[in-house]
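The two complexes that follow have subunit A in common; it is paired with subunit B in the first and with subunit C in the second.
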Partner chain A sequence: MKFIKFFHLDFRRGMHTVWRLYLCGTVLFALLCLDFWNRSRIFLELYPGTSRSLGDLALYIFGGMKKFIPTPGAVFPFPTVWLLVMALACFSSLWYPLEDLYGFGKTLLTACQSRKRWYLAKAMWCGVTVSLYFALGWVVLLLGCLAMGGKFTWTISPYMMELMEITDVASTVEEWRLTLQLTLLPWLVAVTLSQLQLCLSLWMQPVLGWVVSIVVLLSSAYYASPFLLGNYAMALRDQQVLSDGVIWQVGVLYCMGLLLPCVLAGLISFQHTDILGKEGKS
Partner chain B sequence: MISKTVKLELKKAFRSPWFFLSLAVLLLCALMSTVYSIDSYQNILRNGFPHYFENGKMTVNEYYATWNCYQKWIGSELVSLASTLFFTLLPVCAVLPYASAFHQERKVGYLRVVVPQCGRKPYFFAKTLAVFLTGAVVVVLPLLMNFLAVSAFVPATAPQVNYSFYNYVLFGDLWADLFFDQPLLYVLLYILLDGLFGGLLALFAFALSFLIPNRVVILVLPLLLLLGLDYLSTMAAGFWSSTPMTISLLDLLRAAHDATARGWVVALEAGILAVFSGAIIWLRGVRSEVY
Partner chain C sequence: MSIIFENVTKTIRGKTVLQGVTLSLETGRVTGLRGINGSGKTMLLRLLAGLIHPSEGKITIDGKTLGKDMEFPPSMGLLIENPAFLGQYTGAENLEMLASLHQNVAKEDVRTLLEKVGLAADGDTKYRKYSLGMKQRLGIAGAILGKPELLLLDEPTNALDTKGVELLREIIGEERQRGAAVVVACHDAAFLESVSDEIYCLENGQLTDHLILREKGGSKP
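Up next, the complex of A and B:
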C-alpha cells in the first residue's frame, strides 16, 4: 500500500473524529474577534484617527503576554487567550493516531506490513490537522476583520500598546514587522508540539503528552527564555518588542530541530512497539 | 454486598498507578512552590531591610503582616510558576486516577461480569465514591503538605485588613472575614473546598464517560472547559469593566484572587457540577441496562 493511500485514508477517517473540535475552534476564534472588537472600542476613542487592522487582531490572539517579572506582591497574569488557542491546537491531533492503532489501523498494519508508512502517515495527519485548525482560525479572523471594518494590513496600531498592557519596548510600535511571528511561528510551534505528543504517546498516555505541551506553554509564558519553545509562538516576546526577546529565525530552526528528531524517534520507537500488548494498558 | 463492593473499588482506585502519578505531579508542584515561598522569605531575612533587624532578630517591620504562612502557601501565593501549574493541572490530575475506569471496564466487558454479581446500585455507588475520593485526595494531600512545610519556616502572623493590596483577599470575597479572624480555619476550608472540586471534577469526567466514547477526550475535557470558563470570565470583565468578579474556577480554587470571588458563584458552580454528574450517573448508569 502506498504512503499516499495511507494518508488519504487517515485524512478521511481522522477528519470524522475532529470536526467537532474544528467547530469549537471556529466558535472560539469568533468569540475572540468579538472580544477584541469590544476591548478596542475605548482605545479607538482615545486615539482619534486610528482604526483596527488585521495585525492588531492577530496580535491580540497570538501576541501572548509581555515578559513577567516575579516580584513580591505581583500576580502572574494567566495568558488565557493564547493558551486556549494553542492548547486546542495541540489537542486536535491528540487521540486519532492511537485510536486508529487499536482499531482499524491494526488490520491495515497487518495487511500492508509497513510500520514506517503507517507512522509517517499519522505524523503527516497530525501536521495537517493542526494546519487546518489554524487555517480555519485565519478564515474566521479575516471575516471578523471584515465585519468590524478593519484594515487588511499587518501594521500594529499604537493603541495596541495599551490594550496589551505593554510598557517597555525595544522599538516603537510603528517599526514592528511581526507578520511571520503572527502567522508562521504559532502554527509551526503547534505542529512541533503535536509531533512531540505523537512521539510521547508511544511511551505513555496521549493525555500525558498533552500535559507536557501545556507545561511547555505555561513555562514559556512565565520565563522569557529562548530555550522554551512557546516563546517563539508569542509575538510579544520577539526581539522587536522585547529588548532581550527571541529571534524568529532561531524559532524556525528550533522547531525544525525538534520536529525532525521527534518524527525520527517516533518512527524508530514504533518499529519496536508491541502494539498488541499496548492496547490493554491504554 | 455494598461494603464489599466499596472496599474493592477503593482498593482498585487507590492502588492505580495513575493515582500515584497524579499525586506525584501535584506534589512536585506543591514542593516547588514550598521551596519558592521559603526561599523568598529567607531572602527577605538575609538581604532585605536591615533596619528591621537588631542582632539578627526582627524588631520592627511594617510589612510583618504580609510575610506569613497564610499568604505564602500555594493557595494564596500567586507569583510562582509552580502555583500556576498546580491549579492549571489540577483538573487533569483529579480525573486521571480513576474517572475513566468505568469507560475501560465497559469497553473490555468487565461490567457485564461484575454488575450481575453485586447489583447496579452498589456498583455505581462504590464507583462514584471511589472516583470522588481519588479526585479529592489527590488534591488535598499536596495542599496540606505545602501548607505544613511553609508554616514550618514562615511565621504565622495574623493577616491585616489594611494590607489587602498584598494579600489579595478583597471585600466580599468568599470567607474574607475568616481570613482576618481565623486564618488557619480559612486555609483549611480552602483545602477542603479544593478537595471538593477535585472530587466533583473527577465525577464530571466519570459522567462524561457515559456520553463520550473517547477516553482521551473524557480526561482532557474538564481542563479545556475550565480554560474556556476562565476566558469567558475575562471576556465578561471586558464587557462590564465595573464588575470585578471572577467566575473562573482556576481563580476561585485559589485562596487569594485579584478579582472578587463570590461565595454564591462557587456554590453555583459546585452545584452545576454535582447535579450534572449525579443526573447522568443515575440516569445513564444506575437506571440503564448494562447489556
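Up next, the complex of A and C:
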C-alpha cells in the first residue's frame, strides 16, 4: 500500500518535470511524420497505385538503418531519425530520480522509511515515463497517418525498401513479426536503457548514463552485432530483412536479462549510497 | 528513545569529515551542535538521519543499529540544508503530500501546522511564490508533521525574521515538552544557548566540548 502511495507521489511529481520533454517528443514525432510524407511523395509518383500505410510510417521512424559495412571510403549513414527517437526516449527518464533525491524526495525517503521502496518506485517511474513517451509517439503516428490519408495496415509498400535504401530482403516480411519489431522492441530496448541509466546515475552524473545509452545505440548502428542491444530496436536488422540479422526473441530475452540485473544492482547499490547534498554528489 | 553514537567516523572520498564521535541523545532533551562551516554538524545530522552510513563505529537507537537493524530512525522529522518542496504546489498541498505517507496525520492537522508556523494565510499560495523565510517556516512545519520522536533541524533560523525566530524557539520548546529528542545545528550561538539543554561543540569533525546548560528536569547545573 505504501509503495503504491509512494509511486503515485512520484508519478505526480515526475510528470511535472517531463511534460516539456513530452512536448518535444510530440513535436519530434510530428516533424518526422511530415518528413516521411515529403520523402514518400516522390516514390508514390514512381509507384502508381500504391499508398502510404501505418507500417510504412512506423518503419521509417523505428526501422533504424541497414547493415553498415565499413569499407575504405564508405561514409557512415548516420541514422538520425531512429537515433533522435531513441535518444529522447532515454533522456525523458534521466533527470527526475536523482534530482528528486536531493530535494523533496529526501524528505519523502525518510518518511517512507525504505530505500528499497524509493528505488523501486523510481525504477517503475522510469519504465512508465518511457512507455508514455512511446504511447504518445504512436498517437502522433496514428494522427499523422490519418492526416496523410494513409492506410491503417502494417503492410509495407514496395517503395519503402528504396526509401530505406534496402536493396535486398532476406525473406518474405511477415506482418506480425514486423509489428512486433516496430512496436515492442524499440520500447523494450528504451526501457532497458532507462534502467541502466538509473543504476549508473548512482555512481556518476545522470548525463553520463545517457552518454552510455547513446554510445550503445550508435555502436549498434555501426556494428550489426547481436551483442549490441540497439540492433534489436531496428526492424531493418531483423533476420527477415537481413540474412545475418538479429532474432527478435533473443532481443526480448537480452532486454530481460539486462533489465533485471540493472534493477537489482541499483537496489543493492542504493542501500549503501550516501545521500549527500547537491554539492556533495559524485 | 535513546540514541548513542559510538566512536563514529565518516570518511568521504578520502577526507575524514567526522572522527571518533561519541555522544548520546535522549527524549525530551534539546541537543545543540555548534561549530563553524565544515566542522561536521550537517554530516552528523545526515548520519543520524540514516542518509549516510558511518565508515567506522555505529549509531544505535534503542539498542538497534542504524543502517543494519533499521534503515532510518523510526519516527523522524527532518529539516536539513534548505527546505525542498515543490514549487508548483501550494504550501498546504506540499504538506498534504508528505502527510499521505504518515498514518497518524489527518488533513486538518496540516492546517493546524500551517497556523503554528504562521503560514495560515499563505497555505493556498504556490510554494514558488513563497519568500525565503516562508519556505523555511514550511520546512519547519514539514519537520514536525506527524509528531516525530526525533527532530533534526539544520540551521533552522536561516532566513527567519525576529518573529520567526521567536516562533521557532516556542516550537522547539513544545517539541521538548512533548518528549521528542531534538537536535539543532546552528551558527547562531545565542539562539542555540537559548533553546538547548546541552551543546556539543565540533571542530574539524571532532567533538571538542560538551556543555550542559540544563540538567534533566529543567534545572540549571
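Everything below uses one rule, namely that the second predicted complex is superposed on the first by the 271 of 282 C-alpha atoms of A that agree within 3 Å, B and C clash if a C-alpha of one lies under 4 Å from a C-alpha of the other, contacts with A are read in each partner's own complex, and residues count from 1 in each chain.
Just so we're on the same page, a residue touches a chain if its C-beta (ideal position, glycine included) is under 8 Å from a C-beta of that chain, and two chains touch if they have at least 3 such contacts.
Just so you know, these numbers come straight off a predicted model, no measurement behind them.
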Joint occupancy of subunit A by subunit B and subunit C, clash or fit: fit
A:E99 touches, of subunit B and subunit C: first, second, both or neither? first
Which superposed partner A:T110 touches (first subunit B, second subunit C, both, neither): second
Dominant contact partner of subunit A by residue count, subunit C or subunit B: B
First (subunit B), second (subunit C), both or neither touched by A:G49: neither
Touched partner set for A:L276, first subunit B, second subunit C, both or neither: second
Touched partner set for A:G149, first subunit B, second subunit C, both or neither: neither
After fitting on chain A: smallest Cα gap, subunit B-subunit C, Å: 10
On subunit A, the residue positions that both subunit B and subunit C contact, one per complex: 280
In the complex with subunit A, residue positions of subunit C that touch it: 12, 42, 46, 49-53, 71-72, 74, 76, 78, 80-81, 84-86, 88, 94, 97-98, 100-102, 142, 146
Footprint of subunit C on subunit A - complex, ascending: 2, 5-6, 9, 12-13, 16, 102-104, 106-115, 272, 274-277, 280
Contacting residues of subunit B [partner subunit A, same complex]: 25, 40, 44, 66, 78-81, 83-85, 88-89, 92, 96, 108, 165-166, 168, 214-217, 219-220, 223-224, 227-228, 230-231, 234-235, 238-239, 250, 258
Residues of subunit A touching subunit B in the complex: 17, 28, 31, 35, 38-39, 70-76, 78, 80-81, 83-84, 87-88, 91, 94-95, 98-99, 206-207, 210-211, 214-215, 218-219, 222-223, 280, 282
